Amino acid sequence: MKPLAIVGATVIDGTGRPPIPDAVLVVEGDRIKSVAPATETVMPDQANVIDAHGQYVIPGLMDANVHLYAGITPDLLLEFEGRYADLVVEAAQVALRAGLTTVFDTWGPLEPLTAVRDRINRGEIIGSRMFVAGQIIGFGGPLSYDFFSTSGTFGLDTVQRINRQWEQGVGSDLLWLTPEDVRLRVRDYIERSGIDFVKYAGCAHTNPLITFSAPAQQAIVEEAHRAGLTVQAHTMSVESLRMEIDAGADLLQHGDVTGPEPIPDATLKLIVTRRLPVAALVCTTRYMAWVRENGHELMRTIIHNETQEQNDRRLIEAGARLLLTTDGSTFGPRKLNHPQLASLWKGAVDFPLQLGRSHFLWLEAVIERGMAPMDALLSATLNIAEAYDVAAELGTLEPGKLADLVILDADPLEDVHNYRRIDAVMKEGVLVDREALPANRILS
Amino acid sequence: MKPLAIVGATVIDGTGRPPIPDAVLVVEGDRIKSVAPATETVMPDQANVIDAHGQYVIPGLMDANVHLYAGITPDLLLEFEGRYADLVVEAAQVALRAGLTTVFDTWGPLEPLTAVRDRINRGEIIGSRMFVAGQIIGFGGPLSYDFFSTSGTFGLDTVQRINRQWEQGVGSDLLWLTPEDVRLRVRDYIERSGIDFVKYAGCAHTNPLITFSAPAQQAIVEEAHRAGLTVQAHTMSVESLRMEIDAGADLLQHGDVTGPEPIPDATLKLIVTRRLPVAALVCTTRYMAWVRENGHELMRTIIHNETQEQNDRRLIEAGARLLLTTDGSTFGPRKLNHPQLASLWKGAVDFPLQLGRSHFLWLEAVIERGMAPMDALLSATLNIAEAYDVAAELGTLEPGKLADLVILDADPLEDVHNYRRIDAVMKEGVLVDREALPANRILS
Amino acid sequence: MKPLAIVGATVIDGTGRPPIPDAVLVVEGDRIKSVAPATETVMPDQANVIDAHGQYVIPGLMDANVHLYAGITPDLLLEFEGRYADLVVEAAQVALRAGLTTVFDTWGPLEPLTAVRDRINRGEIIGSRMFVAGQIIGFGGPLSYDFFSTSGTFGLDTVQRINRQWEQGVGSDLLWLTPEDVRLRVRDYIERSGIDFVKYAGCAHTNPLITFSAPAQQAIVEEAHRAGLTVQAHTMSVESLRMEIDAGADLLQHGDVTGPEPIPDATLKLIVTRRLPVAALVCTTRYMAWVRENGHELMRTIIHNETQEQNDRRLIEAGARLLLTTDGSTFGPRKLNHPQLASLWKGAVDFPLQLGRSHFLWLEAVIERGMAPMDALLSATLNIAEAYDVAAELGTLEPGKLADLVILDADPLEDVHNYRRIDAVMKEGVLVDREALPANRILS
Amino acid sequence: MKPLAIVGATVIDGTGRPPIPDAVLVVEGDRIKSVAPATETVMPDQANVIDAHGQYVIPGLMDANVHLYAGITPDLLLEFEGRYADLVVEAAQVALRAGLTTVFDTWGPLEPLTAVRDRINRGEIIGSRMFVAGQIIGFGGPLSYDFFSTSGTFGLDTVQRINRQWEQGVGSDLLWLTPEDVRLRVRDYIERSGIDFVKYAGCAHTNPLITFSAPAQQAIVEEAHRAGLTVQAHTMSVESLRMEIDAGADLLQHGDVTGPEPIPDATLKLIVTRRLPVAALVCTTRYMAWVRENGHELMRTIIHNETQEQNDRRLIEAGARLLLTTDGSTFGPRKLNHPQLASLWKGAVDFPLQLGRSHFLWLEAVIERGMAPMDALLSATLNIAEAYDVAAELGTLEPGKLADLVILDADPLEDVHNYRRIDAVMKEGVLVDREALPANRILS
């Protein structure tokens, strides 16, 4: 394969250094060969050339928290049983089409997720690069009280058969155990699951009850680190957040969500001084206003409330290391209109959970909250790569790294809305045929 | 194909005439050629011979009310979607194996039922001969308040998609219409559905609220008769029963179930003088005792209560024309243990709804209630054939009729439990390989 | 007591005759002595005089369907147990204050309602004159599936104790019975209850299932007439409406509500030719628009739908005898915000169920639908008195009738909003101290 | 008042020392003056004498965990609102009648409980001496998800009004707070509530989710001790139990209930070496067998399971300091038959939650598990007094202590069933008129 040169564009390489106007970025195979001003570049022989004058090249975008398997309502769980991978593929393609070359899937059915991840990595399917957590250790599956209780609509065997595909032996029964037994179960899960990083429940799904005691959390963190994996927790309260930090988590997943109580100063200070990455669910002002007026009680009082908004401002102001994180998944009429879920999102303005759009909204939202444009870009690229310990390969446009990049028609540092003006997406040196994605629309 | 002669057995031909000892029953092709004492029979040349000395031959048994599609819980409805026919086939085989050569399916998903019916009729599948009603006109589908309300577990589209496969345009919305509009909708359903008989809701599924007004019921009956079909209603109360009779129904489906109020004398008299066939859900004394002690409130107070027992006795004493009817369907652990249904049947003694066993229990129960042994046999054969207007082909062992018969090892008129001692089942002249049935066990 | 003369006003006497300008209306005791132009009146000696020049005197208004007991949520039912009468008194005062001198209570707890009625009639309490139906024969009580199912929150004894105060032996168990047994139970209820008129369920509360068969309805109607009482049915569908008419009902309660199916022409013709009073729940255009946009499914599709609006127009155009009817009751924050009921009414514009306001909205709504102003007044006065067979005493301003009247500051025939401009209310010759009503605010 | 001498009985003084045969126990006022063998006693002048030859005198019994307010179903909560104290009085009398001179109420409505306690202490009402915890800090009230969720049957204001009477400002919203804020709220509660000891939620009511983090638990314990009160936690799992011990709790409430996971050896060792009082819900073998066969899932798998039985045996064997604890409350048909609760207790053999009987069952059960007879008596007397820090006044029959005692007709150390053979109960020197208790039966 011949080398490929993108010439003429302003390259914002994601290192935080100033943009390089009239740059030449050379790709060889799946990696970046060089990035430099045209004046300093020797063009390779026989290179293919992409003329990008007037355009802007940025690293491929990342999302620190998505759920590619989106069919979590009981009817979809049953209808798509055996075909969950189809929905995952769809979502991975929706993501890639929208400029997300890498996503971190933080909860879902292990087998379909890892299978699709591997098929994408082997080049059998086109889609966003996936890193997968599988189960959130300590939660029940999708048909449990943690997510969607079905009030006896189904027989126990159906409920368990579905839930097991998520729980993988590290479900809510772990909460009964001693830290030592938790450790053994987690170790076993890590060894056989093929996951890329570890996520555990620091508290219940939508309330502040604590799942694992401090020693149990430590055991989980130690097992993750022992296996060379990063670890993060689901937290919803100031104490579960503090316990997660104490336990040694590498990344604070939606660390900006603390219910009605703002992040205490001491915790904020820890976050900043230790440079702990905070995957923050920052939402636009328009959405926050909609929630205040029309939102479901859960969203309005616990999650997307004034405390979260205030936490986001304080984190940005204090210079915390934020990560673009959306909780995004595919949506379609069936999920939007589901009788027990519709009140969570029907009619929302700037709805922040829709994969493919939500990362643009996140970038717009952090600018609204006062983040510097360059920091916003780093939040969506290098910060995430570092937090997930994959910065050796990903996150910036530097020689030797994988050639994941997005070509924009306008400057995203000048106007954050320009992230939407995607002209082309390249993943591992190959230009993505965005029009063809997703090949098979199911839920999107 | 060579003729076949069953020789030596006592033949109870189902006409009500005395048994023929040492008889010869000759089958040619799919029909009965002759039935007569050995002394009066000229054996055909080159006939295959079945030696049945000491055995008893009776017509193939029938059940006036079964539900071959049994997967009516929400999880089964979703899991087996697209494969409902598989469950129907299983049930049709369970029935045939147990001596039921013909069953009348009075509620279920139209398309799978008629498809399996047709495949069995064409000889592509082995199974009990099916006559199909499809929808009970006026009811909602299985995921409606008439059957299993799912409290918003599913989206509306899922609920409707499932229900439509039952409702077929003649669901509960008909209750809003004028009799004239009901007539048009029913006519259209009959014309395009390919059903064998008509069943409508005379009242709600488990309470005495009336569905159709008297003129609307008359319109339905007229449309059925206009198409040459028999018609029956689901009734649960003395008034809905009376209205059904007034409307001109041909068969009173579970006419012995009238809630807490016994059948009034005037109605009983009508039933007897008009010779109206009553498909009665007679249960054994042991089961009735179990229900009184342990039964679910619905069963205990509305259906299998003392009133029903009393109705059954009075009907038998008055010489009403009873039909064996069981409401039977296949059962397995998943349905038995379903959290919202288990209390209806878990632990029941002589449980009367299990296809393959329930017709034996019915025969035993009517004997307990005082029916003469020969009348019990007619209730399971000729009475049903006449009530459903198929007696020209079925219901007795007479020359010219289809060769459906059961060979028993002992005399069923002497001891009703002998119906269980099946040695062989023949359908349309072919001996059934009972061991091979059902080929595919799903729910049974 | 001295006679009292209202002088100078324009009297619209409610007979349908033209208004009498500069009239003198003389009251003696609790009755009207004379009504005539000033020029034709001889003033009594020593009369008290109310100067009403420039004002308009109309008969006391009536509502053909209210529910003075309003605390129908489970918490209120339990909290106010033993004190239901207090809520009834409050409502009767709210009604009187708003110009309703007579109301017909069509469903509620028998004992408190009749007790308050009697105390008002004896002059011990001030309030609107009440006529009481008590139970709707055939329905369960407020804590039954007909109204508010509590999903096992309460023990059976609590549920039954509350329900019995409504059901009075003529609850939903009647639906199991023969017409003859229904007749006996209804007769007994009428004899011992002290009710003023009879209401029975013609169909279920909010769906088209029929409660009583035609002969059972006839039995109820005959028993009511035998006792000299008028009779009406709750109906929701074209067939239940037709059956009610066939049974001989005197008044069609919300006869304009027929679900998705408009009143058939034949039924409309019957209504008009027989002069059957139709208590129609006519709502304002503004409310109907709100329901279309925001209404609860029940309201939007079954009750306050386009069919009802069309029925109302057709009834008015055809000259049917309409009655002001509102289903009105007292409301307050607790009922408005109740989690299971709020979606029925929260945020409604021109909300038609609030006693004290709803009758003004009704009058405005019929004018919007094309009714002549004088007919609107008759709908709220004489038509109701005649329909309930109390026109000998009530409904017009004619000599010999009870002196129930309202003095308005502006002409209600010129602008229907002028009904709201009440200056004074007189009941049985006594001016009501409106400011003092209701004395004890609980729910209003 | 003259002194009173009980003469001739065998006195088991509750100190653990051997019984004193033919003893004389002298009471002066409300206190014990002396206890000694007859031979060593100088009888006071003019004493009243109780001849107790052949009888056995033991200290008044105690229960370390009761709930005197028993009307926790929604209907009772609403019906008895404003009269909760009546139910508390009834229960305090049921307890006293059965020999419990002192009970520790560990959860209930603060105001009625403290009011009844004070009235009993002032001698205005006769009843068991009460020590009161009021709220379990961190739980919601009885109409919350922690206890009885009512699915929107009630308006929010009703739910909150009831719950506030329990929550007292230290409800489940505390779980959102930092330890420092928890501390302030708890301090405030202790200061204004008048409680006798502190109980907090160490985990959720019936699952292992942890409520308070370790520092928050420590803050609660410190605040209790700062106010001079003992403190205990509700725990259900091995980790919540360990955390409670680490936090410094004085008494482990139902420390033998650890779900499916037995108490770890390390924890058991801590309990024994630190002499931590364990209030264990020991049940009879007959009851445990019934639960295994028929019990509700919650009881069968989480609470009264084999793990608990094993924990009890190990605790006894290891010599842990057990306290008689029953969770007892009054029961009657309404609570027994409540549709959502009946499956917890209907039909139970040796049902362990019924106040007045359950303490006898407890004593029988510990003997079955291998406890020495004298230790069983101490578990019901001195151990509890010491654990709750009231042994200066209560728990033994020693000079100077309050004269609370029970006279039995047979030796309880010989046969544990003899605790049921109560002849007389004395509280503070006064013989209780047991026949008159409870004066007012509501639920019992």
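Just a few scattered comments:
The chains carry the letters A, B, C and D, assigned in the order they are written, with residues numbered from 1 in each.
Convention: a residue touches a chain if its C-beta (ideal position, glycine included) is under 8 Å from a C-beta of that chain, and two chains touch if they have at least 3 such contacts.
For clarity, every value in this text was computed on a predicted model and none was experimentally measured.
Set against the C-alpha centre of chain D, every other chain centre is closer than that of B. Per-chain CA centroids place chain B at a distance of 51 Å from chain C.
Chain centres here are Cα means. That of chain C falls 57 Å from that of chain D.
Note: centroid distance chain A to chain C, computed from Cα atoms, is 61 Å. Here the touching chains pair up as A-B, A-D, B-C, C-D. Those residues of chain B that touch chain C in the shared complex are 173, 175-179, 181, 204, 207-216, 237-240, 242-243, 258-261, 264.
Considering their complex, residues 73-75, 78-79, 81, 150-158, 333-335, 337-340 of chain C touch chain D.
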